[in-house]
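Working notes, structure below.
Chain naming follows the written order as A, B, C and D, and within any one chain the residues start at number 1.
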Amino acid sequence: MRPVPPAHASAAPEHISVDHLRPDLTRALYQAMRTARDLDAEAVALQRQGVFPAYVSVRGQEAAQVASATALDPERDFVFPTYREMASALAYGVDMVGYMASHRALWHGGLYDVMASRFGAVNAVVGGPVPHAVGWAVGERLRGGDGVALSYFGDGASSEGDVHEAMNFAGVFGAPVVFFCQNNRWALSVPNERQVAGGSVAARAEGYGMPGAVVDGNDAGAVYEATAEAVARARSGGGPTLIEALTYRVEPHSTSDDPGRYREDTEAEHWRVHRDPVALLRAAVLAAGHADEADLAEADAEAAGRAEEIRDGVAGAPEPHGSELFTHVFRETTEELTRQHRTWQEEVEL
Amino acid sequence: MAEESITFTLPDLGEGLVEATVLEWQVAVGDVVARNAPLVEVETTKSAVVIPSPQAGRIAELHAAEDQVVPVGDPLVTFAVEAADEAPRAGIVGRVPPEEARPARRVRLKPPTA
Amino acid sequence: MSAKLTGDVTMRYVDLPPRAPADAVPVLLLHGFGTDFDMNWRATGWTRALESAGLRVIGPDLRGHGSSDKPVEEAFYLPEHFVADLVSLLDELGVERVDVVGYSMGSRLGWELALTMRERVRRVALGGFGPVNAFAGTDLSEPGSGDSPFDRVYRAVAALPGNDTAALAACARGQASRPFSSDPLLNGVPLLLVSGERDAVAEGAAGLAGRCGGVHVEVPGRDHGNAVSSRAFRQAVVDFLLA
Amino acid sequence: MTELIERAGAGPDAAGAPPVELSMQQAVNRALRTLLAEDPDVLVFGEDVGALGGVFRVTDGLQREFGDKRVFDTPLAESAIMGMAVGLAMNGWRPVPELQFDGFAYPAIDQIVNQVARMNYRTRGSAPMPITLRLPSFGGIQAPEHHGESLEALFAHTPGLKVVAPSDPAEAYTLLLQSVRSDDPVVFMEPKARYWDRRPVRLREPSDPIGTSRVVREGSHATLVAWGAMVHKCLQVAELAAEDGVDLEVLDLRWLKPVDTAGLAASVSRTGRAVVVHEAPLTAGLGAEVAALVTENCFRDLSGPVQRVTGFDVPYPAGPLEGQYLPTIDRILLAVQRTLEY
């Protein structure tokens, strides 16, 4: 029997409702998603101007990222991102100039304070940070704290050993972790049908001893509720949850990818036009009476301003000085490294 | 503009099919076709299908006449393709390193006296 | 992308948005006996041809076929049930009128749809179809056992992966229990019939087209199996739809 | 200066196919095409190698030509890719897996070291591993983290693995044929900074045995030993040194395991001086192995210790600092000067 695509395809609804949510929440979600959308566009432009060597867009995944991050408490929880979670970082309150610095290749993990932000360093190892979330969560339980770890990963990463091992560990330890899979249908050039056996990442939750949930990743309200429920379960000692947010990677994998070689542009066009999470939320907020056109116009203006401010901040940031090559290699440096630092001064800095 | 010739064989049509009969070419020698444009209509014991062009380029040679039976893997069509020599495209990450004509240096050597 | 329309029988369909104007009348493609949308229309170059002509394509896997449900009781396969599936699909998609393009069994069902739901159909193009009873000379208690044209078709499709022979046999019997009759004729709708020169199943298509005030095109040298993928058939239909 | 590489390209069977202008991407693609056509057991698989044609287009067109049963994408799991390669080899196939980037090989190290490298040994020859792991390697393209690593020391240190790095398109074609046809597991490290290097290439069948190095520029004052992208850099250094009246030999090591000790010793005992250049960090890099071999085999002929010019002992840096981390022309010249004055 040919695998039937998950309800991910165009059958998903083309309007959402947030009537049942608090107005201040839905307005905040819209504000952050709108800012992330504008910052994403600025970042693509920076790449075209050669300021960024490359950029990985989050366009189309703003609801999945902002709404999940908003369901956390930045004072006591901890987020473990991949390399494509700009909108989550923004919603979580991370210093965005420091975050975007990683895309300008000023410093691999970014230039924000990871521990102060309680938001892990930008991480390009697929599935790599997922076991970190379990470790942090087990450590939190040992200390008697009630913080929750949220681990982001994608449909591609769901094939990595690290992710399977981490989820089993979390089930065994009952660790307070929310495994948040943004299934955007494409792991670079490989579609779900050839990446996710069985057709659903969430269906594996039971196998790892935790509840699983599939949610429309482009419905900000639904993502928020599903994440909030999982966070509450973890915080109250109920253990881990696996959430699969069905969304779509509207832009190419990166600014130097050519999707024409592996997917139909009509599919991407459908999601771009009919399932845009920012447009869906905007219509729902108006329909629910949580804001009127004037409020949203103001929000849009504020978002655009903030995006430009971040853009100018990261574009103007100084490049790291060569001597920084030798900083932070160890907490306690070595004789040999000091000798190599001198070699660099004499032979490279000249 | 250097040209490169690329030959494509009759692809594996699945379900263990070993050959197909060419019903009708959708292109002629000399045509310039886009990738995925209809190339040739063939019939197997199971069904008749139109094979999309695997390559953009000019049709240099058709290796089978209509009504001819072609085994899977035998040459089907040869394309003449301009060897792409426009600026090389970076891979999925990073930049193509610039090829500096004369590498800069500051250090001068003194040949050994012995 | 494809989706599901759940009713008493769940039907998988594909809805491919056009590249050009959105308001053009969509084309409803109805595949033949024992195949499905992908085999009958996508692999034969039709979707690409219709899309580049700027036409929106709606392509169901008819009940008993492809990825749709495959009940094994004969009663599920009466022509009126197929037509009901198609009407509920058009309602689901909010489509007022369509141009119907069919092949073999799909053509007979397209004819029935146009006849009974006249206002939902603009133009009709049918291939591999004629007035003659398609099941003539076939022992339907054991389809494929004899040497009638239908037996030969049945044997060819029974071997295709993904086909359920019990469902196909039931489908044949369901269709045969309402033998096609060209009375009443399909009048007052632009009609194109296309048939391969050597297609026994489509015997008499030219006469039928004439009686309905329609047009007939013959594809030289082609039989029931390979007329559907011919360029002549595709081109005739595209010209007819865009006229 | 006509580089010796051109003359080396001419080679003994100069009468072979006429030279064709190819980049290294295209040369590897041609080699894979030759291998897939000549041996029905060859399989090419990995992440994004099929429809996309590889993130550097190295497997472009192979799936269309040879079908998706022999050229196929896998889910994103490096350990499973190498583990599957072991199983395929045990079922009579000749797997040519690709791990998309050097830095992504780490999750597969367990399968490579504990299974691929020693399976023939632990089964006393019953289950050979004719696997060639294609690994885009080394730095030089300002790529993100984990996309510019040099793992040759790790692989060379693994008993049962052979390791090779081609320095130009002709080498890439010939050495890949040799690697895949070998019944031993080979790690084929493609220098991604040289993927776009285009030059006239004569596509030749392998003639040198596995483990042979290659003098790409003869010289008398000192020998520069390098591999991969550093061969091109050392040729640039030699060209500049010639302006100062210093005649440098450039030795392309090619095989990083087994190392061509005889070829190395022959060159260094003639010039009496050696500078090893590699991108990987200094400590326990393959440069240490080369220095030990030179010291053991050419001690009496050396007029000074072997110099090493390498990456620093720091994690591979982000974009703008890459140029200050990798061996520069000036640093190599300074090392040469140290050997001349010793």
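Criterion: contacts are C-beta pairs under 8 Å (C-beta built on N, C-alpha and C of every residue); 3 or more make two chains touch, one makes a residue touch a chain.
Remember, predicted model here, so these are calculated numbers, not experimental data.
More contacting C-beta pairs link the chains of A-D than the other of the two pairs A-B and A-D. Between chain A and chain B, the centres computed from C-alpha atoms are 38 Å apart. Chain B and chain C have Cα centroids lying 37 Å from one another. Once the centre of each chain is set as its mean CA position, chain A and chain C turn out to be 47 Å apart. The set of chain A residues that touch two or more partner chains comprises 53-54, 188, 350.
Shown for chain D are the residues in touch with two or more other chains, namely 55, 142, 144, 147, 330, 334.
If you check each pair of chains against the touch rule, the ones that pass are A-B, A-C, A-D, B-C, B-D. Touching chain A in their complex are the following residues of chain D: 47-48, 50-53, 55, 73, 75-80, 103-104, 107, 142, 144-147, 282-283, 312-315, 317-321, 324-325, 328, 330-331, 334. Within the complex, the chain A residues that touch chain C are 1-2, 4-5, 9-11, 266-267, 269-270.
For chain D in complex with chain B, the touching residues are 20-21, 23, 55-57, 61, 64-65, 67-69, 101, 140-144, 147-148, 192-193, 195-198, 221, 236, 240-241, 244-246, 329-330, 333-334, 336-337, 340-341.
Only residues 2, 4, 6, 8-9, 11-12, 54-55, 83, 85, 88-97, 99, 103-112 of chain B touch chain D when the two sit together in their complex.
Chain C contributes residues 1-4, 12, 15-17, 19, 67, 162 to its touches with chain A in the complex.
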